[in-house]
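Once you scroll down, you'll see the structures, which are given as structure tokens.
What follows is a pair of complexes built around chain A, which joins chain B in one and chain C in the other.
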Partner chain A sequence: MSQNIENIVKCRDVSVYYGENKAINSVSIGIEKKSITAFIGPSGCGKSTFLRTINRMNDTIEHCKIEGSVIVDGQDIYDPSVDVVPLRAKVGMVFQKPNPFPKSIYENVAYGPRIHGLASSKSELDEIVEKALKGAGLWNEARDRLNESGTGLSGGQQQRLCIARTIAVEPQIILMDEPCSALDPIATSKIEDLMSELAKEYTIIIVTHSMQQAARVSQKTAYFHLGNLIEYGDTKEIFVRPKDSQTEAYISGKIG
Partner chain B sequence: MLLTTYIIIIITGCSLFFIGRNKIVSISKAEDKRPHSLYIYYGFFPAILGIAPSLVLLSLWIGFDDVIFNQMLKNRFPNNLIIDGNQTVLILIAKIQNIASGIIVGKPEQWVISLAEKLIVWRGYSNIMIAISSILLSVTLGYFSLTKIKIEFRARIAVEKLMMIGLVVCSLIAIITTIGIVFSVIFESLRFFRLIPPLEFLTGLTWNPEFEGAARAGSDQAGLSSYGSIPLFVGTFLISIIALSVSVPVGLLSAIYLSEYASKKVRGIFKPMLEVLAGVPTVVYGFFAALTIAPFFRQTGSLIGLDVASESALAAGFVMGIMIIPFVSSLSDDVISAVPQSLRDAALGLGSTKSESIKKVVLPAALPGIVASIILAVSRAVGETMIVVMAAGLAANLSINPLDAVTTVTAQIVTILVGDQEFESAKTLSAFALALTLIVITLILNFFALQIVKKYKEQYE
Partner chain C sequence: MAQTRTEKIVIDSLKARGKKERNFRLFGVSAIALAVIFLAILLVSIVSKGAPGFFQYYAIFEVELTRERLDPRGDMSDQSLFEGQAKKIINEAVLEFTGAKNRSEKKAARSLLSNGSDVRLVEFVKNNTDKLDTMQKIKFALDDDADSYFRGFIKKETPEKQRRLSDIEISYLDKMKKEGLISYEVSDYLFFGSASRNAEMAGIKGAFIGSMFTLAICFIISFPIGVATAVYLEEFAPKNKFTELIEININNLAAVPSVVFGILGLAIFINLFGMPRSIPLVGGMVLALMTLPTIIISSRAAIRAVPPSIRDGALGIGASPMQATFHHVVPLAIPGMLTGTIIGMAQALGETAPLLMIGMVAFIVDIPGSVTDPGTVLPVQIFMWADFAERMFIQKTSAAIIILLLFLMIMNGGAVWLRRKLERRW
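For the complex of A and B:
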């Protein structure tokens, strides 16, 4: 069906172990470029773990072992020759709980461009910061308080600051790990609007607990259960005509 | 006598507990109602009232009866006695007390013996009186509290109030003791400053305390005494700076290793080992410094043509630094580990290297806590005595050369107050003035440490 659309992330037979525990069981999936893909499933189904394999954030966890291949933008990211630093610049991440650095708003956004040397002068850096804050829809609220602490913002603003911080590095893919679970409905809807806007330029993969959110924002949905990828397809299809009985049970609220 | 009184009061309290509890049980059975509180509180209420006030009375009496006796003794001194100064009175009273306790030195005068006999009699009366009055107090309060026990009496609330009073008293004891120490130091220092002008003490460049007794004995050394504390404070800061330049980098870097790089297993071995360092008595560090490190520095110095004193600031400061390492590393490790993992994830997720995330995110976030740990280390270095006494010497040289022998404030206090002293001499009193200055400096340091810790807490709340 989607032969003409390029898959920017290709996972083949990916299994993840925490020590003896198998958290992900041989998952193969392709993620379309410049679209929103949602990972849904009950708690502990491995959707967050799987998300974190895409930018190797699982490296920070002791005893975590990964099998199979994850190809991002044509490169096997688990190849021993791969440097995680440029990989993570290419695959940015927004976390469940807003986690701005305890620095000023400006410094939060400027952090990424600084460590990757994206700006050669102060004015260039100012431009990058402004562009990123505009991209995250935070510019109007933050322009007059760039030197105030990022931790002083409201929860929704903090999460948008984290998104601004991520897009300041100009990644190709943005991973979002339940980005709205700590936010109220108004802040959530702002972030959802923002995601649809960002999907014009970036590939977004979002893990979410909320099926409504997945239905609202995503073009494709993957349903995980107990470390297995049960069903993957167009969001409209999955929510209207799930092929698998487990998916149907989850979506209709019988489990989860 | 007093021990018996204590036991009687405790027994009274215990019986009050059972009487009170039984009383409420039988009342509630007779009236067929549940009391306001659990039965046990109706036992605690009379027990606490029966024990606590009498024990306080007893302790206060034991603490203060000597004051009253001393005054009574003083009033009975013979009229023709020549008294020069407060000292003689204190000595005479001590003599009388000793005789009363059966320690007789030499042949005391007749009036002293008769006063000692009087003191024995007074003590006897006083013990009987306090025993009777405290037991009476216990029984009266116990009886009074028992009469209050009724079905609707809120025993739990009453007990909670009494317990709170107990908590307040305990915290007051700590505060009052501290205030007492500070005031005693202040008063003795004021006496010192009556003899030596504060300006001379604070700005003088020579520290050479001598007994006034030497002058009276005709020693020609007496004229040389001077009380300029600058050399001591310079010595203190010189040694502290050496100690900090050892302990801060080593402690901080090991904290970073432990919290960020070490595996759980390595951390589990290293951290307790580092903390053992903190448990080694300072006197052990002292002879380590004096017997191992100082000769080592001296030999190394002579190899490269430097003249190192056998007791040097460098040796003392170096060993003191090693002693302080666990304070810096353990506290810093705690604050670095307390930086939320989410911040590390955020930094790594943006493509930081591990060292970038530590330098630019983790350490700045932990900085206030790290600074506080360093300030605590400073307080520790400034107050350290034993290593200095053993390894840096006692010569009050005004020198900032780490290879010289210097001395510190605390080491001087020790040498001044060890052995026989004259209470009224400027030399003895100077110890208090030094202590006061040191207390002020440490207080200022602690104040800053607390300010920083407070600021640090606000950041994450």
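For the complex of A and C:
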């Protein structure tokens, strides 16, 4: 592990319970700033649950209890004094299924800046929307149809719209929960290119089922199994020389 | 090609499977057909019975509008017109036409026109002051028994003692008919008249306006409270034993007989709070109590139908739960909420029992001018008319039922239209 790069997310002994069920078992991990980290592992291993602890999206789930500490940008986000609103503005999220609001493309992107009061005038808001759509690689396709419904776009475009919606708030970290699982290979490759581009400015954590995707886009990979973090390291290392036998079995396709 | 064992068994069983499906379809089609037939019979019967209720018989008489007699004070005030001799003028015209001589003949002649004829004449004079001191042909409604005679409900063949019209009366009516004084027209009393013991003058205007006031109050109270309750219970309320208890109770309230809400309204609003009886305000409040569970249940279903991904999307970029709810979830749930509300309101429009409890069954001739004026509502009016003995009330009742049904249809159509218009896909 490279020690000289600053870790923007530091998790220590994080355990997550759903009622009696322990979904995450004492996971400690540090996420590097402005890089792409992939969480891989078989279904039900807790990688999505763990991802959602980083912006407290688990708060919406009944009977979900979290132990340990999650430090984002120097702040313990589970401290009682922390409000989730600024936290989620700082840690944006893109979901598995593209979920644009049933509003116009413009309104989709402008929603975040608007509720946070990021723009003081209409022209400033227009600029933010344009910048976000450009950042998500959707500007050329969407510039002439900003007032059309976001749900009328194709699946890949919808997912890029969701990314634009997220980066319009200018977060520091973007969590992506299997962002390509509902997309075809061409749309997937567009999103992957976009992620590499975004990693210049943002820290990206992606949960993926596709090991190839993890290998293609990420610098670091974490392998989860049954709620445990089995192995975490440079993506190249993990895919070429996994230290753990379970990781090796998963990567070589023996389990999964 | 040889059949495998599985293929053989499957093919053998196909016949039985196909038969089951055909039977089920047949069952479904016949159920629907039966329902359609009953509906058609119902509609045909209501319309054929009710359609004559929209018409009634009028007699046209020429009367002299003598100024001094109609407007003794000479200022056209209501008081002056009231003191005038409108009734006498009409009676003179009728007596002259019939040529009634002795006392019983005169009495018979005077009973042929509606009791409200003088009001009709005064109204005519009020609207046509320039026609004073001229001869005018004016249409007067026939008395309900005379009306029934022309409809064929009272027959000449029946012995005189057993029918409500005497031989003299019938002979006068026949004379009117022969001279072309009788006309069968759309009943203006039905639409513009108010409650009346005289069947020919009875109309639904008062009840209709009462219904509108009552429904308006019902909507104003039940929609905001119902939607707010649904939103709170679905989006914000902690899930514990207490909220569970509330939920169960709301669901049970939807099944409580409506008359119970009427008793509740009587006990709370009228006895405890001392509000007046028979007013649309209290009626609307009682109906709101009755409608609330319907609105809450349908609104909650509408909120639950909004995909959670929309809420997650909003929360994921830092919207507060309140913002996620009111910017995204509620707008998407509004069509469902409105549909539920309109159905609840349609139910309230047709409700009689709870309103009987709070005295909206009173006989009120004045048309209510506000929600605090005593009034009645359409279904209660129908209920009262159905109870009256006069033959003509049967037609009036049927006509009022058709009007009520039309309103229900319009409201339900409105619900469908709203839903189509507001519905968005995601």
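Keep this in mind: the second predicted complex is superposed on the first by the 255 of 256 C-alpha atoms of A that agree within 3 Å, B and C clash if a C-alpha of one lies under 4 Å from a C-alpha of the other, contacts with A are read in each partner's own complex, and residues count from 1 in each chain.
To be clear about the criterion, a residue touches a chain if its C-beta (ideal position, glycine included) is under 8 Å from a C-beta of that chain, and two chains touch if they have at least 3 such contacts.
Just so it is clear, the structure is predicted and the values come from calculations on it, not from any experiment.
Colleague: Let's test your reading of the overlay: on chain A, do chain B and chain C clash or fit side by side?
Modeller: clash
Colleague: Of the partners chain B and chain C, which touch A:P242 in the superposed model: first, second, both, neither?
Modeller: neither
Colleague: Would you check which partner chain A:G137 touches, where first means chain B only, second means chain C only, and both and neither mean what they say?
Modeller: neither
Colleague: So, A:R165: does it touch chain B (first), chain C (second), both, or neither?
Modeller: Both: A:R165 reaches chain B and chain C.
Colleague: Which partner does A:R88 contact after superposing on A: first (chain B), second (chain C), both, neither?
Modeller: both
Colleague: Looking at the overlay, what does A:K97 touch: chain B (first), chain C (second), both, or neither?
Modeller: Both partners, chain B and chain C.
Colleague: In the combined picture, which part of chain C sits where chain B already is, 27-35, 99-107 or 171-179?
Modeller: 27-35
Colleague: Do chain B and chain C land on any of the same chain A residues, and which?
Modeller: The overlap between the chain B and chain C interfaces on chain A comprises residues 55, 57, 60, 62, 84-89, 92-93, 95, 97, 99-102, 111-112, 115-116, 151, 162, 165-166, 169.
Colleague: Per the contact definition, I'd like the list of chain C residues that touch chain A in the complex.
Modeller: 239, 307, 309-320, 323, 327-328, 332, 424-426
Colleague: Along chain B, where are the residues that touch chain A in the complex?
Modeller: Going by the criterion above, the answer is residues 263-264, 340, 342-353, 356, 360-361, 364-365, 459-460.
Colleague: Sort out for me which residues of chain A touch chain B in the complex.
Modeller: Going through chain A, the ones touching chain B are 55, 57, 60, 62, 84-90, 92-93, 95, 97, 99-103, 111-112, 115-116, 151, 162, 165-166, 169.
Colleague: Given the complex with chain C, which residues does chain A contribute to the contact?
Modeller: Checking each residue of chain A against chain C gives 55, 57, 60, 62, 84-89, 92-95, 97, 99-102, 111-112, 115-116, 151, 162, 165-166, 168-169.
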